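The following pair of complexes shares a single chain, subunit A, combined with subunit B in the former and subunit C in the latter.
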Partner chain A sequence: MANVTFPFPFPEHLLALLPEMIVAVLAMALLLLDLFVPKEKKRMTAYMAALTMMAAGAATLFVMTPETQVAFYGFFVLDHFAVFAKLLICIATLLGIVLSIDYMKDEENIGEYYVLMLFSALGMMLMVSANNFIIMYLGLELMALSTYVLVGYQRDVLRSSEAALKYFILGALSSGMLLYGVTFFYGVSGSFHFVAIAQGIAEAGSSAGTAVLLGLVFVLAGLAFKVSMAPFHMWTPDTYEGAPTPITAFMSVAPKVAGFVIFMRILVDALPGLQHEYTTILIVMAVITMAVGNLAAIAQRNIKRMLAYSTIGHVGFVMLGLIAANADGYAGILVYLSVYLFMNMGVFAIIILMRREGIQGELLDDFAGLSRVRPGYALAMGLFLFSLGGIPFLAGFWAKYVVFIAAIEAGHLYLVLYALLFSAVGAFYYIRVVKYIYFDEERVAFNFVENRMMQATVVVSAIAVVALGIYPDPLIDLCQKALGGLI
Partner chain B sequence: MQESAMMLNTTELLAIPALPLIASLIVGLFGWALKEKISHIITSASVIIAAVLSAHVFMQVLDGASFYGNFWTWMLSDTFVVPVGMMIDRLTAIMMLTVTIVSACVHIYTIGYMHGDPGYSRFFSYISGFTFSMLVLVMGNNFFTLFFGWEAVGLVSYLLIGFWFKRESANFAALKAFIVNRIGDFGFAIGILAIWYYFGTIDYREVFTQVEAFVAQGDVLHFMGWEMSAITFICLALFIGAMGKSGQVPLHVWLPDSMEGPTPISALIHAATMVTAGVFMVARCSPMFEFSETALAAVVLVGAITAWMCATIGLVQNDIKRVIAYSTCSQLGYMFVACGVSAYSAGIFHLMTHAYFKALLFLAAGSVIHAVMADQDIRRMGQLREYMPITYITMLIAALALSGVPPFAGFWSKDLIIEATMVREFTEYGWVGSFGYFAVLTAVFMTAFYTFRMFFLTFHNSDRVPAETKPHVHESPKVITVPLMILAVGAMLAGAWGVMALDIANPEAAAGYFGDSIFVLDAHNPLMILAEESHGHAWYHFVFSAPFWLAIGGIALATLMYLRETAMPASLANALKPIYTFLLNKWYWDELYEKAVMRPAQWLGNWLWQKGDLGMIDKGMIHGGIVDSVKAGAVRMREMQTGMVFHYAFAMVIGVFGFLTYLLLKA
Partner chain C sequence: MLETAFFNLFAGLSILSGMGVVLARNTMHSVMFLIFCFFNAAGLFFMLDAEFIGIIMILIYVGAVMVLFMFVVMMLEVNQAKLREGFLQYLPLGGLIAVILIIEFIAAAQSGVFTEGVKATAVHISQQVNNTAEIGQVLYTRYLLGFEIAAIILLVALVGAVVLTLRTRKDAKYQNIAAQVHVRKEDRMRKVRM
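Our next item is the complex of A and B:
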């Protein structure tokens, strides 16, 4: 970067950050504006936040160019890979906001809630565009700090506060590990840039072996925490259960997208020389993750907790893409994340629609007899659950299919067989819910929230799950194209 | 014939199977919402249009047109390619014409016959679906489309035999048909796989052009201690499929039972079309069968046994539909004998004439059954000619055709078969040829006898209709009688038309109807020998032939026993009690199957269920193993989730140290 003479970045480089700037500026404006919105009109804040995410998504498409753009002296990169991730984040945040409107309407200072969601999204958007550990950490902490608060937003609910505290403590620990690992890389290469680190590691060779390995393990641990890989997953069930349900939905999707995307970028850009080492670690973690997620889900009675383990299980399957470490595997991860977004948002939308007076945590039994009262919801829920279980021909099947095939291509046949085994175990607890819905008698009277936007979320997700299940090719093509920026 | 002088119109060809399929889907899926009238209009119209198009195709084919091509690839797995394509030549064209015309007649007939049945739309959906399947079967250009059609007609046949699914006997018969056909289809599938294994393709044309070189190469196969040439193995395996589908001994047991289905089905599927698929397949594969004398001899042997045995059973049956059903088995035997002696064109010719007169026979029988309140026992009929003149006359035509009385259709084709059998000599299996000739010749007499026995008992003899059904006996409505009359025209003229207009019997490839769609080695072409011998035969030469007099004799005996000396049958049955009982019980085939196959299979099933499933899998593996360990694992996982932050942090730290230790020790 020695030939750069301008004291400030070029204006067109600034343009690459347009989506982030929109979110940042509008979020801060909203924070101020919210002070003047009367309590009964707080819905306006939510709508504004939703519009902000739409604008950010549109801006992302607007600033996209065929070539990769680099801004801020190489700190920030905007390629198709980042664009794709940002779009997923925008959609997930938008849906998260939609799901919150009714659920959170009685909370105090609800305006800040949406602003925090926007900041969290901003953090994730920065994270997926990071080309450098500093920017990545900035984004990650912005995301994490906002989410800690969101998880504990229902201050008078003990469970919510407890979840937030646990998440915060463990999150701080993981951030510490991540930073600690980065310092080793900095020590070896003298840079925070991913590519420079790769060069530094290659140049140092075996002389820096121990330092590099220390760096690798701590960075992986820090990242693994964010995407709930075992044994760094243990915060997940408690936090998911305690958080307000819309936040659980949001957290189960958006941070996973950001986490996996930056995971891929770091592995490909910064640590190509350590592929052998990180693959070993990832395989061990994947083996534990799949077992923990799918087995523990069976023993749960609370659907949010069950879905937390389900997320862990799916993370285990997504890891196969990382382990495959080939183009198909990385494209498969993007496919998986896109499909997972719709499946999970759909399930959570229905859970929130079923919210009963005074009851917020939903037990599995609560679904008994849903098919008789609301056949439409029952059908949609069935579709989502079958899709999560990987039943053909629904989108979830293809998500699994692409990563499994990629892993087989990379020579990890036994790992895929293991994954198939746990995929079958997973099908059990998803289909058990379908059994409650369709075959059991209603136990408590249902009391539905009637909200058009949430119903629309359900319908859109259901259509996506079915359509992508019947004809997944466009999505797979798109994901392969998006990979152009990475490799 | 010139090579593809003219190509047929692809759209037209695709429309022929597509129309019945679409109609079947519409009526099948939305039948619950449609009125009876709409259902039958959609399906009948589609099949009638298909029949008209088939006739058009047939005329073009007569002018030398043909079609060969693939439309799309259905499946692709490495080198195993399954295209969806068509091959239309003269063999295909005559099958298409026969299938669609009979199907159209049956559709119209069904409007009257099934009126008011709760499954009305379902029935129409099935028979249109059947027409589609049968057309795919005959029109395909590779063994896989053949197999698809083969299985699809089998499925529809199953559905239709069990159409009245509330009847236990119907369900039983449907299952029986399906299971017996599985045996045949298994052989058929093995044959197709063997073709793919040896030839590397399943395309008709590619396989058939390779056969000669392949036989010269002399691949030999060792199979269960037998040594046979690969081509013999392939042909025998395919023929096992044909035996199942076409009701040949010992896989014939399902066909008489299939009469549990509604009568239009007996006419369409279990007489005119589906059951003849085996004959069609053998003729289609003539380039392969020709090179295996063993396979040809097996075809003759099985065909002859069936022709003769089922004729004997037909002599004493009392159920009107069963008599005709055994006659179907017997006539299918004739067709196979024809194919086996290399007179494939005679076999297909008989298939066509048989389709008309046998469908007519069944539909007429249906008309009778309709009149006497669904009673099928000919002992409770008699003198019906007074009430139903049209049915009477059309049935008489069909009976004469079946018996082989000139100039009705059956005479021409059956006579050709018998003469071809007479002149064909097998080099290795001489006795098979002699036995075949004996069987088909004596069966002519029996055929004539049982046909007219059934006919006289139904329409003549004494009036034995129970008093309570008497008032209902009446001629059937037009919608039933018109198809009878159309088919009667076919039963009268199809034979003469085939010999005179189409020149079916002509062995010269360039001149005869079938041209090069059927391949026969000159060395043993029976039609060629016949053509040489019969130069100078006058039109009345049949008067000097044995089959003609045997047929007349059979009819005369039936006349004597059932019109003149009506006490004679009973006393004869008494005198020959053991033989009579043996025949009445259908040679005890069902009992044999029950003892030899059903009982052991049931025992094995029970054993596997009790010991294997309940004992080993449920008790040993599920409850002892998988379920318990998954349960235990789930509980263990839940217990690890203590809710304590320091436990969680501890796990993370352990993870980090574990990985670090591993990497550093390895490095």
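Our next item is the complex of A and C:
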């Protein structure tokens, strides 16, 4: 046991945790304040939660320094990589809150909903700053636990409860697998720190081969659950379909960012000696993931379910960056995640706008004839779907381009050809929705609720998708700079 | 010698009480046997010099978890006779698993891995080291951040549990006290001309 002398030094560089502290303190304050907000003014809570996320984003930029900061006795690291991920998480949470305001206004106990979203964001922010398995796991659990509750928030909707239960049970199982894998690494190296684990594995050499390999398999399986890689994707469609739509939008983006960022950190920092082994495993999983996601999406009639499978398909493409395991690949993942954030938030904003009296607006048929009633929404939806499908000169094309090129550089030409094939399959079901919107007769009356903030979300996302499609270089540069902390 | 005797006592009693949990007809007795089992397991931890885990075992498992169990058992009103119906139909599968387990145990015991030389024995650390104090020293210093995050996780669990259960059910009848107090004669009574 470590010798500790007292008085123990006060944690150094506490300022590096300013964004996390802002979120934690304001979330708890909001939890109390919400008690005094009358029922008809509950929007206030949402606005305050949104402001909290903005403050956290601003604080992240404020505490950023060119060199890497380490706080809390080496348990918390703030580098450009973490800063970039935190900004993405703040934007995703902010958009998630904005999308929720109108959708959730009739639910009971709505105040805690926003507080839980803040706590979920806090968990993710801690997770991307982790350089050891303890903080990583605790951040992951904080994120997951809040999300389980958010998924089941609509207690009177049966499929919402079902989704939450499925997500909870499978999530707990995956956490168990992750922890079991971590124990092997701890056994080999005697440390939870990624870098120390890498050293321990290198020193142990082949004598600990089996233990390290077992640890690798379990850790990969646990993480794969969280970012819904096949064959650990089973929870995704049901959970996405059952969750309140703003939460579906939120969890299709933010936890994926956190999950992939920590995935990269673990692979680069803790397991550099096992690159051959994990690449083999990831290739097999990527092949299954791309096939399952893109093929199953074709059969879906519910657009939330279709987007769930589409997420799985996109995760398969993002994995190419992990497989490439070079700077371009990792930068490509960050590009992909940033672009995916805007595309997906835009699509979900329109799905939420489609909800009207008595109709959930989630079936593909509900979109028929949208272009005649609301040409603006139809155009935006078309842009997002083309971008998701990877049509050139929209942001989604560059996201795919960057990871594909990185994978080719690393010598995985056949895998990229396979990915291109499934990218084409993906384009089919995205464009099918566009066909419904533009070429089909309307079957149900459209009477949209006017909501300025949602429309703003759609406009901002659409501008981002088009602007990044025409001129993606600044984003790619930014992502390459952000990698400075990792490699 | 004395240590072996105590080990046999604790281990034997925990196995016996573990069997009691499964075999007791009364669910309440099963819970009691489980509590007894935890006490014996705590004793085993004490013998391994892990007094912190031993105490936590008694405080958390016996003090909190089992009390909750007891509440649940009392509220559920389990019908034993009904539970025992169809008990035998699981016998083939359960028996098969038991046989496989026994074969595994015998094979492991015969393999030579557990011979006297390689068997792990509890290494007693010196009396000066108090592992409760040692854990406390690192938990609140070096591992402070993790400790704080764990606290927030507990808060989220608490809020989540309340949020998911506290709701006005549309199918339940509630008493509206304000309406009852403010009720007037005219609301309840109507004169009908016959």
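Quick notes on this one:
Going forward, the second predicted complex is superposed on the first by the 474 of 487 C-alpha atoms of A that agree within 3 Å, B and C clash if a C-alpha of one lies under 4 Å from a C-alpha of the other, contacts with A are read in each partner's own complex, and residues count from 1 in each chain.
In this text, contacts are C-beta pairs under 8 Å (C-beta built on N, C-alpha and C of every residue); 3 or more make two chains touch, one makes a residue touch a chain.
Fair warning: this is a prediction, and the values are worked out from it, not measured in the lab.
When the two complexes are overlaid on their common chain A, residue A:292 makes contact with subunit B while staying clear of subunit C.
Of the two partner chains placed by superposition, only subunit C is touched by A:153; subunit B is not. When both complexes are overlaid on chain A, the residue A:223 reaches neither subunit B nor subunit C.
When the two structures are aligned on the shared chain, A:116 is found in touch with subunit C, with no touch to subunit B. In the superposed model, A:234 lies in contact with subunit B only, and not with subunit C. Applying the stated contact rule after C-alpha superposition, one finds that A:173 touches subunit B and leaves subunit C untouched. Every residue of subunit B that touches subunit A in the complex is listed here, in rising order: 630-631, 633-638, 641, 643, 645, 647-649, 651-652, 654-656, 659-660, 662-664, 667.
Contact residues on subunit A toward subunit B in their complex (touch as defined above): 165-166, 169-170, 173-174, 177, 209-210, 213-214, 216-218, 220-221, 225, 230-232, 234-235, 237-238, 277, 280-281, 284-285, 291-292, 295-300, 425. On subunit A, the positions that touch subunit C within their shared complex are 1-2, 4, 6, 8, 11, 24, 28, 31, 72-73, 75-76, 108-109, 112-113, 115-116, 119, 122-123, 126, 134-135, 138-139, 141-142, 145-146, 148-149, 152-153, 155-156. By the touch criterion given at the top, residues 129, 131, 134-135, 137-138, 141-146, 149-150, 152-153, 155-157, 159-160, 162-164, 166-168, 170 of subunit C touch subunit A in their complex.
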